[in-house]
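You will see subunit A twice below: alongside subunit B first, and alongside subunit C after that.
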Partner chain A sequence: MSTVNLSAEQVRSTIERARGTALTLGIVGLIVWATGLFTHRDLAFQGYHFAYVFWAGLGIGCLGMALLVHVVRGKWGQPLVRIFEAGAQTLVPFMIIFFVPILLGMHSIFEWSHPEAVRNDPIIAFKAKYYLNLPFFLVRMALYFALWGYLTYLMVRSSSQQDAAQDPIEAEFISRQRMTPAALGIPFYVLAVTFFSVDMSMSLQPHWFSTMYGFIFATGFGLTAMALATLLVLLWREVPPYKGLVHFEFRRDWGNLLFTMTVFWSYVSFSQLLIIYSGNLPEETSFYLRRNMGGWHPVSWLIVIFHFFVPFFLLLAPRTKRIPRQLILGAVILLAIRVIEMFWEIKPAFSEVFSISLYDVAAFVGLGGLWFWAMFSNLLKRPLLPQNEPRLQEVPHAH
Partner chain B sequence: MAHAAVVSRVYGIMAEFDSPEALIEAARRTRVEGYRRFDCYTPFPIHGLTDAMGVREAKVPWTVFICGLIGALFGFGLQVYTSAIDYPLNVGGRDFISWPYFIPITFECMVLFAAFGAFIGMLAYNGLPAPYHPVFNVPQFVRASVDRFFLCIEARDPKFDPERTRTFLQSLNPISISEVEA
Partner chain C sequence: MQEAIRARVVQEPPLFEGEQTYERITAQIGDIPFEKHPIGWTVMFGLGFVGTTLLIFALVVLVAIGTGIWGINQPVAWGFAIINFVWWIGIGHAGTLISAILLLMRQAWRMSINRFAEAMTIFAVMCAGLFPLFHTGRPWVAYWLFPLPNWLAMWPQFRSPLEWDVFAVSTYFTVSVLFWYMGLIPDLAAVRDRAKSHLAKVISGILSWGWRNSAIHWMRYESAYLLLAGLSTPLVLSVHSVVSLDFAISIVPGWHVTIFPPYFVAGAIYSGFAMVLTLVIPFRILYPKLREYITMHHIDMMAKVMLATGLIVFYGYMMEAFFGFYSAAIFEKYLMTNRMFGPYWPVYWSLIFCNGLVPQSLWFPKVRHNLWLLFIISLIVNVGMWLERFVIVVTSLHRDFTPSAWGMYGPTFWDWATYIGTLGFFVMMMFLFARFVPMLAMAELKDLWYRLYGHGGEHNGHPKTEAPAPTRTGGGA
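Coming up: the complex of A and B.
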C-alpha cells in the first residue's frame, strides 16, 4: 500500500514550533518552581503535586481514550487516536522520571507519611498499617505505571504495524487483533486509575473516604484528554492532513462524547455529594466542609456552573457542533474548568483558606510545558493519522 | 358549476418516481421552483431528502427542551412547596430547602416531561393520528410502502395552479402524474 509522505503533513511545522515553545515554558516554569524549594519547601512540593496529578491524569486519560477507540473501532476516534496514543506515551518514562520530586517531597505532601501522625492518630495508624505506608505506596505506583506502560506499548506497537501493513486484509486483521488486549485492559486500567486517585489525592485527607472518588477521577481524566484532542484537531482543521477531514459528522460525535462525559462526571460527582449530605457524618462531610469555607465556596460554585451547566447547554445545542469555533469554545471551557476542578480537589487539603501560590502556577506551567513537549515529540514520530485505516477513507455523506 | 366543484375538491397533484435519487432531485427542483407546501412519501427514510426539500425547522427538539425545563421547575417547585412552604419539615436539622435532596426528583420530572414532550409533540406536529388522508385516494399510492417514491404538491400552496403545476411536474420525468382528490 502507499507509503506516507510525512512532508505532506504541513501541520508538522506548527507542531514543531509549539513543541519548542512548550519546552521553553516548561524549563522556565520548573526553574521558577525550583527556587521555591529553598524558600517555601512545603508550598513548592504541594504545588508540584497538584501539577503532577493533573498532567499525569491527562496522560492517563489519553491512554483510556486510546483503549476505548481501539475497542469500539469507531470512525469518530480515528483522527484523534494518534494524539491519545502520544499522550499515553508520556506516562512511561516521562511521568515516572517526574515522580521523583513527589518522593522527595513526601513529607510536605502526605500527612500519613509522618511517623508522628501515625503514632498519634489511631485512624491513620490503622490505614498506615495495611495500606498507606511508603513501601506499599511505591509498589502500587510501580504496578500502575507498569500496567499503563504495557497497555500503551501494545496499542502503539499494533497501530504502527497497521501503518506498515501490506494490504487491506492484513490491516483489518491487525486492527481486529488489538481489540482483545484493549478490551481486557480496560477493567484493569479503571482499577489502576481508581487506586491511583485514592493514593495520590484522596489520601491527602487520610480520614476522609468516598467510593465514588475513582470514577470521578477516571471520568475527569478522560474528559480532559477528549477536550484536548478535540481542541487540537479543530485548531488544525485547515492544515493537511486534517484539512477536509473534520466534517460535521466528526464534530457531532466529538461534541456528543464531550457532552456525555461532562454529564457522567456531574452524575458521579453529585452522587458523592448527595450520599455524604444524606449521611451527614463528621468524617465524611469534612471534604465538603473544607471546600465550602475559607474562600473555597465560590470555587465550588464555579465548578458547578462551568463543569456542568455551561457545557451542558452549550454541547446540547446542535448548533455548537455545526460551527467549529463554538466547539473550540466548548473544549477550551472544559479544559480550563478541569484545571480548576483538579485544583479544588487537591489544594484545600493543604490550605483551609483559598490561595494560589506562585509555585502552584510555576509547577503547573513547568510540568505542563514539558508534558506538551513530550507529547508533541511522540506525535511527530509517526504519521498524524492512522494509515491503512478504512474507517478514515470512507467518503463522508454530504450534509 | 361542476367544474368549479371538482377544482375545490383537489388536494394536490402527485408525481410518482421509481428511485430515491429521482425523488431527491424532484424535491430540490420543486423547492427551487418556489413551491413550499409539498411533501414526499417514501417506503424508507432517505438520506438528504429533508435537505433537498428545505425542511429547516426542528420543532420537536425545542419542544422537548422546553418541556424538560418546565418539568425540572415543576419537580423542584413541588418539593420546595411541600417540604418548605406548605408543611415545613425538619429533617435532621437541615435547611427546609435542602436542594441536594431535591435534585433526583427534579431530574426525574425533567425526564418525564421531556419524554411527554417528545411523544406528544411528534404526534401533534405530524398531525397524527390521521384516520383519513387524501393521498390514499390515488390507486398507485399503495406502492409508497413498497417500491415507489411520491411527491405531492398541495393545492393550498400559493403558487399552485392546476395547469402549470401539472406541466412543471411533467418536466421532472415522473412515471405517472395523478390528481389527488381531497
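Coming up: the complex of A and C.
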C-alpha cells in the first residue's frame, strides 16, 4: 500500500542545523538577559518567569499530547509523537536546571514571599501559612517534575522497545501495554498541571482564585504543543521521512484537533470571564480589571480575535486543511497567540501598565533557543517516526 | 504460551457477533416490532405505566393546590424540581454525544447504540422539561417565557440564564427529535416493506416519506445527517453549560464556581452513559438478538467513556474543595466545611463514594466485562449524579451569608411522587419505543458491516484494519 520510505531520514541535517542556530540564539539571549540582573533585577526575574512558564508549559503540553496519543492510539498522532516525546524529555533535567533562577528571584516574582505582605494581609497570611510558602512550594515542584519525568520515562522506554520489536505481534503488544500507564498517568498529569498553574501563575495575584484555571492552562499547554508539532512536520513535509507521509487525511485530523482545542480553550476561558463578570465580586474581578486597564485592554482583544475568531474560521474551512501552507499559517497564528496569551496571564501581575521589557524578550528567546536545542537533541537520538507501527504503514499514498 | 497471550491481547474486539448478512441484520432488528414481546416487556411497561399515572396524579394535585405541597421553602426555593431537572437533562447528553460527536470523530462503535441513546435523550428531556415548568407554579402561563410581543409590553429577562435555558433546552429538544427521526427514515422504509398488516404498512409508509433507497435519497440524507451532527455538537456543550450558569451566574457560595460549565457537561455525559448502560444491559437480556450488535466491545467503550468523564467530575469536586480552602474567603471556606461536616454530610460523602470511588473500579477490564457489576455500577453512578445535584442545590442554599436566614430542606411525599413518576414515564416511553420502532439503526449497521467485511468476502471475524473507514460522513470538514 505504502510507497513512502519511512526509514530515510534526510531531515536530520535540517534539524541539526536548526539545533545549532537555536543554541546560538539561546546563549545570546541568556547573556543579554543576564546583564539585566545587575541593572534591573526585578524586571529581569519577572521576564524570566514568563519565559519559564511558557517553555516549561510547552514541554508539559508535549507530555500531555504524548500521553493522549498513546492512550487513544489514533493514526493521526503517529507522525507527531516523537516530537511530543522529545518535547516532554526537556522537562527533566533541562527545565529543572532552569528552575534555579526562579528560586533566586523568588522575591522579585512572588508577592507572597515577602514577609511584610504576609504580615499586613490576612488573606496572604492564611495562604502563606498553609500553601504558598517556600518549603511546600519546593516540595510541590519536586512532585510535579518527578511525576512528569517518570511518565516521560515510561512512554519513551516503551516506544523505544516497540522500535526494537522482533515481529508485528510483539510490537502491537508493547503498544497496547503502554496504554495502561498512559491512561493512569493522565489524571495525575492534569492535577499536576493544575497545581503548577496555581503556583506559577495564579499565585502572582495572591488574592485571586478561579476553579477553571487548571483547565485553561492544561488546554493551552496542549494546544501550544500540538501547534508546534503540526508546524514542524508541515515544514519538513518535502523531506524524508515525512515526504509523502503528510497527506490530506493527516492534515485534516491535525487541523480538526487544533480547531477542537482552540474552541475548547475559548469555551473554558469565556466561561471563566462570564461567571466572574456576572458575579462582579471585588476579589474575583481583580484579575480582569488588571487586564482591561493601563494599556492591557488591546492585548485582551487581540487574544479574543486571534485565539478564537481567526483560528475558528480558518481551521473550520476544509480548504485550510487541503493546502499545507494555510495550515502552516494556522499553526503559526496559534503559536504566536499562545505566547501573547501567556504574557497576558503573567505580566499584568507585575505591571499595571502595559510594557514589554528587553528582558522579557531576551529571556524568552534565550530559554526558547535552549529549549529547542534540547528538544531537537532528544529528537535526533531516536528514529524520527515510530518503527514497527502498523498505523503508519497503512498510510495510503494519496498525496 | 507467551505467544498465545500476546495474540489474544492484540486481537481486535468485534463490532458484530456471529455471521451477519444484510438480510439478517434487517430481519433481526426490523422484525422486533412485529414479534411477540417477552413477558419482561409487559412487566416493565406496566411498571412504567403505573409510574406515569402517579406522575399525572402528582401534577394534578400540584396544580390544584400549589407548589406548597413540595418541600421547597425559603431559603431552599429550588429543591427537588431543579435537582431533577438538571439530572434528567444531563442524562440526555449521552445520546447527543453518541449521535453527533462520535459520528464526527468517526467512531465505529457508535453505530449500534445511537438510536437507542437518542430515544433516551428525547424522553429524558421531556421529563426534564416538566420540572421547571411546574416549578413556576403557573404552568398555564409558561408561554411568557418566550419573547412574544404582547400587549403587556412585558419581555423576559434576557440577561438571566434561566431564560437562556428556555432557548437552550427547546433547541436541544427540537434538534434531538429531528436527528432521531432523520436517522429513522430509511429504517422505517424497511419496516414498511416488511410489515404484514395493512395498518403498519400505512403508518410506516407515511412516516418514511416515500423513501425508495435511491442514490439521490441517500446523498441528500447523508448531507442532512452530517449537518444535523454539526448542529448538535455545540449543543452537547452549550445546553449543560447554560444549565450550569443558572447556578454560576449568581454569587451564592458553592454556585458561583468558574469550573461549573465543563464540569457540568462532563457530569452530564457521565450520567448519560450510566443510563445507557442501565438500559442496554437489561434490554440485551430481554432481546437476546441485540447481543449480536451491541457486543461486549460496545459495552467496554461505554464503560471507558464513563470512567473518563467520571474522572473529570471528580476533578471538579477536588477543585471545589481545594479552592474553597485556597480562596481564604470566609464564605467559601464555610461552604466546603458545611458540605463535608454540616447537617447534609452523609449526602456529600455518599456522592464522593458514588462518583469518586466506585467508578475507579472501571479501570479493571474484568469489571468492564462483567455485566452484573457494570449494571450495579451504572445504577450507583445514576444515584451519585442525582446526589451531586442535591449537594449543589441544597447545601449551597440552605446556609448562605447570614445565619438568621439559614434553614433546612427535606422532600415531601409529593416531591418523591413527581420524581418517581418521571422515572415511570421514562421507562414507559423507552419500552414503547422498543415496541414500535427498530431499536438499532439498521441502515447504519449494514453500512458499517459492508465497510468492515463487505469487500472481497472477508470472513466475518475481525476487521482487516484497526478502524473502519469513515462511515457516511468523512469526518466533517
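To be clear about the criterion, the second predicted complex is superposed on the first by the 388 of 399 C-alpha atoms of A that agree within 3 Å, B and C clash if a C-alpha of one lies under 4 Å from a C-alpha of the other, contacts with A are read in each partner's own complex, and residues count from 1 in each chain.
Note that a residue touches a chain if its C-beta (ideal position, glycine included) is under 8 Å from a C-beta of that chain, and two chains touch if they have at least 3 such contacts.
These numbers come from a predicted model, not from an experiment.
Contact with neither subunit B nor subunit C is seen for A:136 once the two complexes are overlaid on the shared chain. By the document's definition of touching, both partners, subunit B and subunit C, reach A:274. Once the two complexes are overlaid on the shared chain, A:210 sits against subunit C while remaining clear of subunit B.
In the superposed model, A:153 makes contact with neither subunit B nor subunit C. Put subunit B and subunit C next to each other and count what each touches on subunit A; the higher total goes to C.
Once chain A of one complex is fitted onto chain A of the other, the partner contacts of A:318 extend to both subunit B and subunit C. After overlaying the two complexes on the shared chain, residue contacts for A:309 are found with neither subunit B nor subunit C. Applying the stated touch rule to the two superposed structures, the overlap between the subunit B and subunit C interfaces on subunit A comprises residues 274, 278, 280, 316, 318. Taken in their complex, subunit A has these residues touching subunit C: 73, 75, 122-123, 126-127, 130-131, 169-170, 172-173, 176, 183-184, 187, 190-191, 194, 198, 209-215, 252-253, 255-256, 259, 267-268, 271-272, 274-276, 278-281, 283, 316-318, 321, 390-391, 394.
Chain contact summary for the complex, subunit B toward subunit A: residues 47-48, 51, 58, 61, 65, 92, 94, 98, 100-101, 103-104. Only residues 270, 273-274, 277-278, 280, 316, 318, 397-399 of subunit A touch subunit B when the two sit together in their complex. Across the interface of their complex, subunit A is touched by residues 3, 6-7, 9-10, 237, 241, 245, 248-251, 256-262, 311, 315-316, 318-320, 323, 325-329, 363, 465-467, 475-477 of subunit C.
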